[in-house]
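First comes the structure, then the notes that go with it.
Letters are used for the chains, namely A, B, C and D, taken in the order the chains are written, and counting of residues starts over at 1 for each.
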C-alpha cells in the first residue's frame, strides 16, 4: 500500500480523536449559577488541553516518521492500526482523568491509567518505527541513518518518561499530571536534530 | 467519478466509524472504587479491540480493491455506499455486544447480531468487487486476472467464515467471539498472494 | 480558493454527518429480552438507511457539480456552507423521525420536518449550481452548456418532489416516507444524461 | 513539515468540529406535542447557525492564510494546534449558549464566555499569521507584502470586535449575540482586498 493512504487514514483518526475530546466536557445542568458551574469544570479543561496538545504532538511526530517510510507492508499496517487504536481511546482515559479529579476520588488510579495508556501508545509508536528501520526496502532511499537513529532514541525516551510519571502517580498524582504536561510542551519545542531534516 | 474521490470519502467514513467506537465505553459513575469499576468494563475493551482491528482490516482490504478499480459507475457507487452504511453501524453492534456480555444477558443474540452484520457487510464488499470484475472498463488496464480471481476467492471466504461464527453463537457465544477475533488477526497476516501485487 | 479544497472540506462534512447517524440508534436498556428490544428499533434502522443513502447521494451529486466548477468565489463558498449546515443537521431530523415513529406520536410533524428540511437543502444545492452557471469565469472551460442545463433541470426536480412528500406527510405520513425512500433510490439509478460526462 | 499536511489535518478538525455542533441539539422527550417541542429549541438552532457559519468562516480564512505559507516550523505548528484546540471547543461554548438562552438563566455569562472564547481564538489565529509574516523563509516566495499587511490588519480587527461584543454581553446579551451574527455575515462578504489575490 502507498504510504500516503496510510498517512491520510491516520490523519483522519488523529483529527477525529482530537475533536471528540470536547464531547467529554459536559454543559453544567444548573444555569442559575452558570459562572461557578463553568469554573468547577476546570479539571475537564485541563484534561482537554493536555490531551489535545498530546494528540497534536503524536500527529506531528507520526508525520516525521511516515515521511521517511517509502512503502508499507502488512505488519507495519497492523502495528500502525494498534497505535491508532491507542490514540482513538484517549478521549476515554481523558474523561476518566477529568471525572476523577473533579469528584475528588480515584485520582491516583485515573492518572496512572492515563499515563500507562501513554506508555502503551509509545511502545506501539516505537514498534512502527523500529519495524521500518530494520527493513531498508520500506524506507525512503538515501535516508540519513544517523538521523533515523537519533530520532529512534528520542522516540524511545517518550514511553520511558511516561512510565516514570505513571509510577509517580501512585505516590503523588498532582506532580504526575504536571510531569505529563511538561513532557508534552517539551516535546513540542523545536530540537536541533529535528531541524536537520 | 474518479476512484480517488470514492477512496477519500470511504476513508473518511472508515476513520470516523473506527474512532466513534470509543464513545461506547462509558466512564464509570462511581469514582470511589475506580479501579474495580474500570476492570469491570473489560467487555467494552474487548469489543472495542475486535471492532477496531476489524474496521482497520476492512479499510486495508478496501484499498487493495480500489487500487485495481480505475473508474467508478453509479451502481458501484451505490454498492459501496451500502458497504459504508454497514461499516458505519458497527459502533452500534459493538455496543450491543459489550452491553450484553457485561450484563450477563442476551449474549447469544448479541454475538449472533454482531456476526450476522459482518456477514451482510462481507456480502456488500463482495458485491462491489464482483460488479467491477465483470466490467473490464472499470478495472485498471492490464490488471492480472489470476490475481483478481485469487483475491475474489479470498474475499468470498470472509462472509462464509463469519456465517459459521454467527451460527455457532446460538450454541456457544464465547467460542464464537473467539472465532471472530481469530479470523480478524488471521486476515491481518500477510499472505503470499497479496504480496504479488 | 481552489475547488479541490472546498471539495475536501465538503467531503469531510458529508463523511462525518453520514457516520454520526448511527449515534441516534440507542442500545436497548433491557438485555433480558434483547431480541425483541432490537426488533423494536426498526424505525431507527429505517431512518438510518434512508438518511445514509440520502447523504451518500448528495455527496455523489455534489461531486458531479464541483467537477464542473473551476474556481470558487466568496459567495459560492457561503452558499456551499449553508448546504453543509443543512446536511450536517440531518442526524437531528433523522432522530426526530425515528423517535416519533417509534413512540407512535408526532409522526406527521416529524415526517413533514424531515421533508421540509430536504426541501431547504435542495434549494441551497440549486443555489450553488445556479450561482456558478451564471458566472462563466467559475466554470470549467469548455463545459457543455446543454449538459449543465439538463443537470440543472434534474437538480431542480429534487426539492420540488421533496415538497410534494412534505405536503403529503400532513395527510398520510407512511406514503410520504415511502415517497422519500423511492426518490432516493430513483436518484441513485444511472441516467443516460449523467453518463454523457 | 509540508504545509499541505497541516492544511489537511486542520481541515479535518474544522470539518469534525462543525459537524459535531448538531449533537448539542437534543430531540424533544415528549412526542405528543412535537411541534411546540421543536419550536422551543430555537435557541439551539440559532446557536447552531451562528457557530456553523463561524467555523466555516475560520476554515475559509485559514486557507487564505496557509495559501501564503510555504513551509511550517515547529512553533507555527504549535500555534496552529492551539488555534485548533480553540475551534474544537466551540461545540461546548455553543451548547452553553443555547442552554442558557433556552433556560432563561445565565445568558450574560454564556454570551460573554462565547465571545471571550472567540477573542482567544482570534488571538491564536493572529499569532500563526504574525509568526509566519516575520519569517520570510516560511512564506511563499514573491508574496505581495502590501497584501499580507492588509490581511493582517483585517485579521486583527476580528478579536477586537469580538471583544466589544464580549463586554457588551454583560450589559445587553441580545445585542451582543446580534453583533456576533452580524460580524460573521459581514466577514463572509467578499471584500476587494481579498479579491486581489
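To be clear about the criterion, a contact is a pair of C-beta atoms (placed from the backbone, for glycine too) under 8 Å apart; a residue touches a chain by one contact, two chains touch by 3 or more.
Keep in mind that this is a model prediction, so the values were computed, not measured.
For chain D, the chain whose average C-alpha position is most distant is B. Counting the residue numbers used at the interface between chain B and chain C, under half appear in both copies, so the two copies meet with largely different residues.
With centres set at the average Cα position, the gap from chain A to chain C is 37 Å. Averaged Cα coordinates give chain A a centre that lies 26 Å from the centre of chain B. The set of chain B residues touching two or more other chains comprises 8, 12, 16, 20, 23. Judged by the touch criterion defined above, the protein chains form a single closed ring in which each chain touches exactly two others.
Listed by label, the pairs of touching chains are A-B, A-D, B-C, C-D. Of all residues in chain D, those touching chain C in their complex are 7-8, 11-12, 14-16, 18-23, 25, 27-28, 31-35, 38, 48-49, 52-53, 56, 59-60, 63-64, 67, 188-190, 194.
Of all residues in chain B, only 1, 5, 8-9, 12-13, 16-17, 20, 23-24, 73-75, 77-78, 81, 84-85, 88-89, 91-92, 95-96, 99-100, 103-106, 109-110, 113 touch chain C in the complex they form.
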